[in-house]
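Several structures are given next for inspection.
There are two complexes below, and they share chain A, which is joined by chain B in the first and by chain C in the second.
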Partner chain A sequence: MLNKNKLIITEGEITLKTLIVFAIMILVPFVSSAEMDRGKMLYDSWCAQCHGYEGDGKGYASGQYTLPQPRAFDSGTYKFRTTPSGERPTDEDIIRSTRKGNPGTTMPPWTRFTDDEVNEMVEYIKTFEEETFEYDAEPFQMGKAPAVSDALLTQGKEIFDKAKCWECHGKAGRGEGEKGWQDNFKNDWGTRAYPTDLTQAWEYRGGATVEDIFRTVTSGFDGTPMASFQSSYSDEERWSLSHFVTSLQTERKTGSALSVKKVDAVPASTDDAQWDAADYLDMPMSGQLMFEPRQFAPVITNVRMRSLYSDSEIGVMIEWTDKKPNKGDDGLPSDAVRLQFPVTVSDGPEKPYFFLGDKNHPVNLWFWKASDNTAVEQNAKGQKENDLVQQEKNDMLAAANYSDGHYRVLFRRPLDSGDENDITFTPGKFIPISVTAFDGAQNEQGLRATVSGWYYVMLEPPTPMKVFVMPPLVGLAFIGAGMGIRKKLKEGIG
Partner chain B sequence: MLNIYPIIAGVGIVISIISAMKKAPFFNYLGILMAMYGLLKCVEFVAPPLPGQVILMYMAMFVFTFLIYFSIKEDQFQAFLRPMKTVLADDDKKILRVLIVYIMIPVLAGYITYGKVKPQLAPPTSARIVHPEPPASITFRGEKISLLGAESPVRNDTANRDKHFEAGKRIYYQNCFYCHGDDLAGNGYIADAFNPRPLPFRGTDTIAQLPEGFVFYRIAKGWTTLPAGSTPWDSSMPAFDTFLTVEEVWQVTFFIYEATGNKPR
Partner chain C sequence: MKKLLIIILTLAVSIAFTADIDAKKKKKKKGKYKVTEVTNGGSISGKALFAGGTPPADETKALTSEQSLCGDSLPAEKYLINGNKEIKNVVVYLDGIKEGKAVPKDKAFVDNVQCAFVPHVSVGYKGNEIDIKNSDPVFHNVHSYIKGKTTYNLGLPDPGSMVTKKMKRDGVMEVKCDSHPWMLGYVFISQHPYAVATGDDGSFTISDIPAGKYKVKAWHEGFGEIDLGKITVEAGKTAKVNAEFK
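Let's look at the complex of A and B:
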């Protein structure tokens, strides 16, 4: 009995063990494939639209619809890494790009997903090219950014020169370097690459803090002309270079209106110091997407406006980055910029349509072209070709300057030109203004353009006298009251 | 960003306690007012911040209530007035008097006056009707489409649900995502260029509140048929009947509902 029982128990143990082993053998791949399935499902739903269902970077939003192109995961080449050039990225690198996005591109920050979900997406992304991920990642040490100092910035500038950063990013850092202009300036996938404008911090692809820049110059952007400087410069040198790059960044000031200061005379030259001192308003630009031909992926992404006025004149200066100037003599359209105002400013909120007006609300256009370096006045009441008319009388004075990848175009005109088809400027009034910019290198002309929405310019009216008189009067009254009360109290005590 | 209001409230409470112990009602009063102001400002940690007008109203109330409280008992009121009387009348408090009565208070009063009389220039703003009344019917490339109780032929074609969803997805990411966003949350990469900003579709307060026919109408006609109350002059929403077919507009409408898990009303 006992023996038999024991035998049965032993058999039972064997059966149980076998069962457990089987269960593990079946369940393990099942669990991990369930995670993989969720990774694939999330990828197909929220990544494949750009990066492609096959991870080839050829999703619906690729080609003419985006700039730069979505990453092709099947190549195994990754731009944003904390590993040496040519190495696989760490999982955290892919997670960082997913969570923070890549500024200035169509890759947004994905914040809606849980950490587990993102991890599963990353695991799935790695399956598009498994060879790259066969080995463990060996990230470089970031260390800690040294405190910024003049000596460090000087050293950084020396390295910027010595490492030939300017060949692509340009001497002024606007991405205007001659190498970056060439037609063969391409990435590994054969699409055109554009060196980053280092003055526009808000669109550094890999982020714009000094740590981000250190990471970028150390790792390089694999697959693009952006090289790694890990072996050619020491950590200390790369930190100083990174600090120097942050010193090129300018502040982006967005808002709805620009307040225009009064001066004795509007400076006629674009490089007058008064312009540098004048306040500015940044206008984020979009491609024109309402009418064919649409511009999906513009290169001009920001336009900066300054303005000054005098008793008789207004000056509006528009600045923007254009890495390669086009004067219309290279088979491409000329670079150009156009300001737009309503012909009449209504007292209510009503305005003409923000792009070329509409049939009941004409707009006044100030149009400057690089090809002849003059500005003309136009009127438009719609987007069709014959909705646009040239004015016969031209009150416009323009001055323009292109240097180091930077356009400055200055329009000057009397406050009141006496022409009923022109905008009239009255101090204290908010006057709608919008900007259209044309980059010849992007084949922009006519309706293919980059556009801004409506903004306002407001000519600061002279300060009313009461502002100077009332506050001191009230102050004096309080002093008098204090003295009065003191006198009463003294009398009371006395 | 460092928020100083909890510190103001804390310092106010400390001043108030110390002066209550030292029987100095005037400083107690100042401490209470300071603490109240700090606390009202601290509301923003737990709820939307109180508007300036509301804070002003509460503060006026506190100023008067506590003034009444401190002036009810005669001896307490005399103690309350003593610091003011001392500063104004005592001959040995000359420096303090000059500083407070003849400099600080007049400068503060002048500064407040300056804030009141300086011209306030603000750009015109207007209320905007986000979802205007749609017309009864629209003309779509010459074809008349009735919008009253319009049903989506795409939603009703359940046999081809996946095909329509995928077509809608392609249309969305080639026409809409620049503004309305990869994740349909209204923050596409050029959304900053426009005012009003593009609407999000995620969440329960936009398309979830609208019948599908209305969404079809807004996509098909864009800015072109908006009434003045909806500021068509600022709208960058294209009239997609120039770029897409009727079926494509229904497909992309279907996609933005399905992708956000929303149902038409």
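Let's look at the complex of A and C:
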């Protein structure tokens, strides 16, 4: 009995042990890869739409929807690193790109994940191409940025010239350098590489601080024509270059309205010094996404507006970067820019539909094309082809200039053209304005365009005459009264 | 009986898992070259020859910049075939040799001279360093690739500037310059020492090979890769084989 019982217990023990061993055998691989599984789960939920479920950079939101293309992790090539050219990125490098995003691309800064979750995603991303991560890499020391000084900026400029940064990035740093536009200028993934416009800080893919620039010139952007200068120049030289590059960055002034100053005569030339002195408003641009053909990946990211007016005339100047101009003679559409105003300014907040107006709110368009360097006036009341009409009487004068990757287009017109289809400018009134820009190189024309939202221009009303007359009069009266009192007192003493 | 079944099942599963792990480890170790002392090794020698009718003429590349320094055009150096149809810059190598002599310690070298890479084709050994130089007074960036993937991209702005990098991966490394689209060169990176490039007369000799039977291949930038078959190497003797391209 006892024996039998014992035997049963033993049998039970064996079965239990067997089952436990069996369970462990099955579970061990799962437990050890649980971290990876969570990384995959998060990646599939949040990253794969662009970067692809297989890490090939071909998610359904890639292609025409993004420029540059999402990183193909299966290539094992990483642009943003603190390691020498050709080496694997550190985990921190991938974490930085995830946390900070890449300006000017569709990669946003991701803040919704915990540090653990980001780490798990990084581990998963590394599995798409494992060979890269089999080799150790020695990250370079960033050190601390030296304080900026004139001497440092001078040295930085010398290196910018000597290192031939301008051959691609252009002498003005707008990415207009000739070498950057050769046919071979492609990245490892076969798409065209554009040298960065160094004047527009919001487009620096790897970030625009002096530290970011130092990291970029040191490591290069692997997979692109941007080379590493780690061995070519000392840390000190690369810091000075980085400081110089930050000095090229323009100050972006965004807002909702531009105040327009009155001058004796609106300058007729785009390079008149009065324009440089005039205040400006920067308008962030985005692709036109409401009507076919849409533009998902615009290259023009900003237009700058300046404006001056006189007793009879208004001038509006639009400036933007175009790294390679198109005049319509290279098989691509001509570059162009168009200002849009409501025909009638409403007293309330009501404005026409933001793109080409609507049936009840027609718009007045000022349209300049690089191909013939002239501007015409148009009206539109919708997006269909016959909603747009060319005006027969043209009150527009235009002047344009392209140099160093930069367009300046100046429109001039009487404040009141006497045409009922035209906008009339009344000082003191907020007048809605928006801009549509067309980059021929991006096949932009018609509805495929880069657009701004509505902004305002306000012609500063002239200062009333009494402002100039009254204070001196009051002053004179005061002096006169004082003199009188003095005289009286003197007489009194005498 | 049930007990036995469960035990067998457990064992089977555990073996399956261990086998899987082993397979992964093996995959990583595959192709690792082992250094041994080679005494009285044999050799393979021969010539790279064009065996077809008229050999292709070398191509010419038009320059799109730096004409004042380098002229309007440069030879591509792609088909360097002499009157005897002997081909220069063919790399002949033993494919997949597992063990043999140590890899020479010599650095590989590529220079930018007159808007072209010199040497145009060379052999380097995995794990060794490569010196990359710019002798021109213009900016060059040496942007190299293995199978289309960037191995490095180095800016060499100043004349005489040189960068030293390690060759971590093996394969045919294409060397390009983004600044000058016509520039192209190759470094054949081998993980073992049994790879040589042919000279002007198309001849090659691979020596100190441990006696045995080896698969021999030949690579050329224009003709591609050909198989020279399995060659038996006897101790102290030289086996003859030609690399014939068509």
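Following the convention adopted for this analysis, the second predicted complex is superposed on the first by the 429 of 494 C-alpha atoms of A that agree within 3 Å, B and C clash if a C-alpha of one lies under 4 Å from a C-alpha of the other, contacts with A are read in each partner's own complex, and residues count from 1 in each chain.
Throughout what follows, contacts are C-beta pairs under 8 Å (C-beta built on N, C-alpha and C of every residue); 3 or more make two chains touch, one makes a residue touch a chain.
What you see is a predicted model, and the numbers here were worked out from it, not measured in a lab.
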First, second, both or neither for A:142, with chain B first and chain C second: neither
Touched partner set for A:220, first chain B, second chain C, both or neither: second
Contacts of A:430 with chain B and chain C, given as first, second, both or neither: first
Which of chain B and chain C A:265 touches, first, second, both or neither: neither
Partner chain(s) touched by A:65 [first = chain B, second = chain C, both, neither]: first
Chain A residues touched by each partner, larger count belonging to chain B or chain C: B
Chain B versus chain C as contact partner of A:277, first or second or both or neither: neither
Complex contacts: residues of chain B adjacent to chain A: 85, 88-89, 97, 101-102, 105-107, 109-111, 113-114, 117-119, 121, 123-126, 169-170, 172-174, 177-179, 181-183, 185, 187-190, 192-195, 222-223, 228, 231-234, 236, 238-239, 242-243, 259
Chain B-facing residues of chain A, complex: 45-46, 49-50, 59-61, 65, 104-106, 108, 110, 112, 254, 256-257, 259, 283-287, 289-292, 296, 348-354, 358, 361, 428, 430, 451-454, 456, 458, 460-461, 463-464, 466-467, 470-479, 482, 485-486, 489-490, 493
Interfacial residue positions of chain C with respect to chain A in the complex: 2-3, 6-7, 9-10, 13-14, 17, 28, 64-65, 139, 141, 143, 145, 148-158, 161, 163-165, 168-169, 176, 178-179, 181
Residue ranges of chain A in contact with chain C within the complex: 11, 14-15, 18-19, 21-22, 25-26, 28-29, 75-77, 84-86, 131, 134-135, 162-164, 167, 178-179, 182-185, 188, 220, 222-229, 231-232
